[in-house]
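In structure tokens below, several structures.
Presented sequentially are two complexes of subunit A, the first with subunit B as partner and the second with subunit C.
Entry: the complex of A and B
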């Protein structure tokens, strides 16, 4: 427990989380609650993508399939059965199982390939799920989708906000732990040099599949929260837009940082919201997607390492290089 | 002395190029075997073939009598072969500590003793323990690369041009470390620096145009100026 507070950044994270937890009680705005809930949900999705892109160096164009599996699983359970807590929890378990199985098999089939072939193949797999959702109308209601009721504990917007915030914080802590573990370090080694990692005795494919499973399961959880927030699900959850959003949130925030994914989600969701609002001021803002495109281009041009990556680099360049003598005994100690 | 590794008529292709066209040699246990040859002769490809990074199309690679030619790289590495590549292969974003920890196969007292030993040999690694590997100088990266290979109890170390691009004082340090490692493990050394190779090596093989063309005790090569001129371009 004491280790949590050893890092100054952890204290900042804790303060921000505490502020966000009390936010609904000091600022009563339904639209803000909904917007923040969306940010938290997409932050979970972006963090799951960061495990692939930032920590393992895998570019996937099919991440939406896991998000969609989560969204449809909870939607179908709530529609077909009673909207009760027990069925909701069952839907969560089924999502975890399905996303783990799908990511395992998709990973096993595709992760042997070179990066661009892998990216294309994952897009094809996501396309399969999209077609399945469109055609299996008896269950999915096709492109139109369907609405569903949610359990009582998810009906209140403030409670749901806190659930989304809690999910984001828990996912952040778990993934932080995961990426700082020996397994996480192997993934980072794979990102930097696959052949070198293999010649240290690691089966690169196995480790990539593990990353794919962790990432897929978390994306599925984001999908559950997303569907519950709308109380509606349709085939849009399987589209490329979802994957691109996750990709851009991760890149803009800063790959391989986790917190960058959260910041990226906040920037994208708030930009989306404000640009849409500006349509009331001038008609040009109805074409907000153009401004979105400009933001992306500027971000990639001026912050190629993302916001957090650029800040880290700036801080690092200011630091004096003070060597820290150590003893090999530290090999046994965990990282802070 | 028993043979630890034996290569027999190895042929390796990289894409459409036939790089190794018949490399054969034996590595006696406890010795340093040096692979010599001009640039592009196939020395690095030979090490990569042993590691399975460029698998051999024909021939055999026997480790203690067991065929390892068709095994995946990670299995070969887990059979006790450590590899120090030509480009050092440092993970730039991981700290020195993490670079070493990632290489440790089994943490025990012996690993810690080996690490202590190597950190005493390369105090720079201690100094930059918490710094990213990418910030190290070329010499420090080489030290880290050697440390990663040596921290495990590997039976065989493959070291590819450890002196390449390093200042003379760093070369001396690296040479000293390999001389000390020689007491504890078997080494295949690829080296262009003949002074270093002849100081460390017990026996040599010359590779030319993808074939082993000559071999013998290092003493023979030290005295055979004609052979050095013919195959290595040095007098």
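Entry: the complex of A and C
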């Protein structure tokens, strides 16, 4: 991030956040509220994924496991105990603890491996959690899942909308701070050139583990919000689809830019909504994901920096004759 | 004894199907350094197109040929248009092949609808033999035989023919092969085609074995194939067949004795192998 962006962009972010905050009071539509809440939740997930993919340059296929841990933790707490605020807060704390522990150990075991093996092993670990959720029927009710009641303060849709918006804004600011901190800079250095970073004396593994913990905890929080928004949880939260969603959002929006993750989440969720409605017109829209699959492949091939990255590059090349920021072509740097 | 033999046959048959998928993966990886996350998609495409040809023509053999051809064509298209632009870049490869997997399995639903399709065993392969009280299902023996034949054929191809020599040399040192005046791009394409054909054949054979085919079967079997490739060692053909039989047998025995742990056992096996022997059991290089 350079000077040109920080000041003006901050004002824009603030305006957008303020607009979104008053939005439910201007435009009263229940389905829109739910849709927007959904966008905010997935934006949190996509931002957490971006910490791994966009800022540290590692591809995880097991992100759903943290999302699922969050969703199941809150579900089980609300179902087993009373749906009260105190238990909800306890569930949040337990989620943070569990995701941190799991991501620490999984990270320690897997992050030493090369990119292929890491991707496969994280996929396998997420698969283990999926099996666990299916088989541990006494707690998870297997594949069917279970519904649960939520505390009073989460019942109102508008309040929940504001909570999701708040979470997204807070996560955005925290991660922005995180990625601009010296630690975040080291992560970006790892992404650009791992060997060089290591030879400069940074212990790459530890930094990667930190990135994976931060990312895992935030994905867990997204999972909590997701389960609360549905008031229902089943094994689908552990499936590959969740990871794929995060991946699509991050790639299409723009890797290595937190705003990109938010925009990507918005695009995917809104298109999902509209294209599913279009399914009445033509059945091909039922399979809307195929369009995104194709866009995604084209994006990886031709626009590896996604929407936001491309705009940024274009803006830079127009304003000054300086090269675009190095971090814009994240994926291109993945050579090893 | 009855149970033991049946479980072993079942495990071997599943192992052979996984082998057909994993062999292509491991060869492609060894030669091109590409891990094809879309391989399961080719497997599912083989199943759908093969079963489609089989039910519309009524000939099982034609179905097999159709499946292999579909797989080869898709393999060439994948290699040329999807993977070639991103050679040498691991992150991009992982992302792009996963995207292709998504597109392939969604395309299946577009072409053949989202529902499961049932697949029948042809008459001459259905039924079973009985040897002194032990019932052996014919189709399982057929799968094992086909798998073994493919194994022998590929082994012959690799060890005794000119192209096999080039492939083996390519696995060891690509640059050297290229500098000796061999067009490695063509070899890449050939290997990708063979790998995709084997995966499609596996998918086709799975159809009558499990009775139904569905779009997500690609992903399910691909995960097993990844496990096999990791356990056997990436790039090792012999390793992949050993590991496939191991995973198949452990799957069938676990499913009988401790059903809850069937899938978990394989994944734990892979995790342990990766942690203590990252190159796999037979892998020469990492």
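As a convention for this text, the second predicted complex is superposed on the first by the 296 of 336 C-alpha atoms of A that agree within 3 Å, B and C clash if a C-alpha of one lies under 4 Å from a C-alpha of the other, contacts with A are read in each partner's own complex, and residues count from 1 in each chain.
Keep in mind that, in the parts below, a residue touches a chain if its C-beta (ideal position, glycine included) is under 8 Å from a C-beta of that chain, and two chains touch if they have at least 3 such contacts.
Model, not experiment: these values are computed from the prediction.
Q: Considering only touches as defined above, state whether A:294 meets subunit B (first), subunit C (second), both or neither.
A: So A:294 only meets subunit C here.
Q: After the superposition on A, what does A:186 contact: first (subunit B), second (subunit C), both or neither?
A: first
Q: Is A:83 touching anything from subunit B or subunit C once the two structures are fitted on A? First, second, both or neither.
A: neither
Q: According to the contact criterion defined above, which of subunit B and subunit C contacts more residues of subunit A?
A: Larger number of subunit A residues touched: C.
Q: Once the complexes are superposed, what residues of subunit A are shared between the subunit B interface and the subunit C interface?
A: Touching subunit B and subunit C on subunit A: residues 331-332, 335.
Q: Within their complex, state which residues of subunit A touch subunit B.
A: 182, 185-186, 188-189, 191-193, 195-204, 256, 321, 323-332, 335
Q: State the interface residues of subunit C toward subunit A in the complex, per the touch definition above.
A: That would be residues 29, 35, 37, 82, 85-86, 88-92, 94-96, 98-100, 102-103, 106-107, 109-110, 114, 219, 223, 226-227, 230, 234, 260, 263-264, 267-268, 270-271, 274-275, 278, 286 of subunit C.
Q: Residues of subunit A touching subunit C in their complex?
A: Against subunit C, subunit A makes touches at 57, 59, 61, 109-110, 113-117, 119-121, 123-125, 127-128, 131-132, 135, 240, 244, 247, 251, 284, 286-287, 289-290, 293-294, 296-297, 300-301, 304, 331-332, 334-336.
Q: Which residues of subunit B touch subunit A once you look at their complex with the stated criterion?
A: 51, 53, 72-74, 77-78, 83, 85, 89, 91-94, 97-98, 100-105, 107, 111-112, 115-116, 119, 126-131, 135, 148
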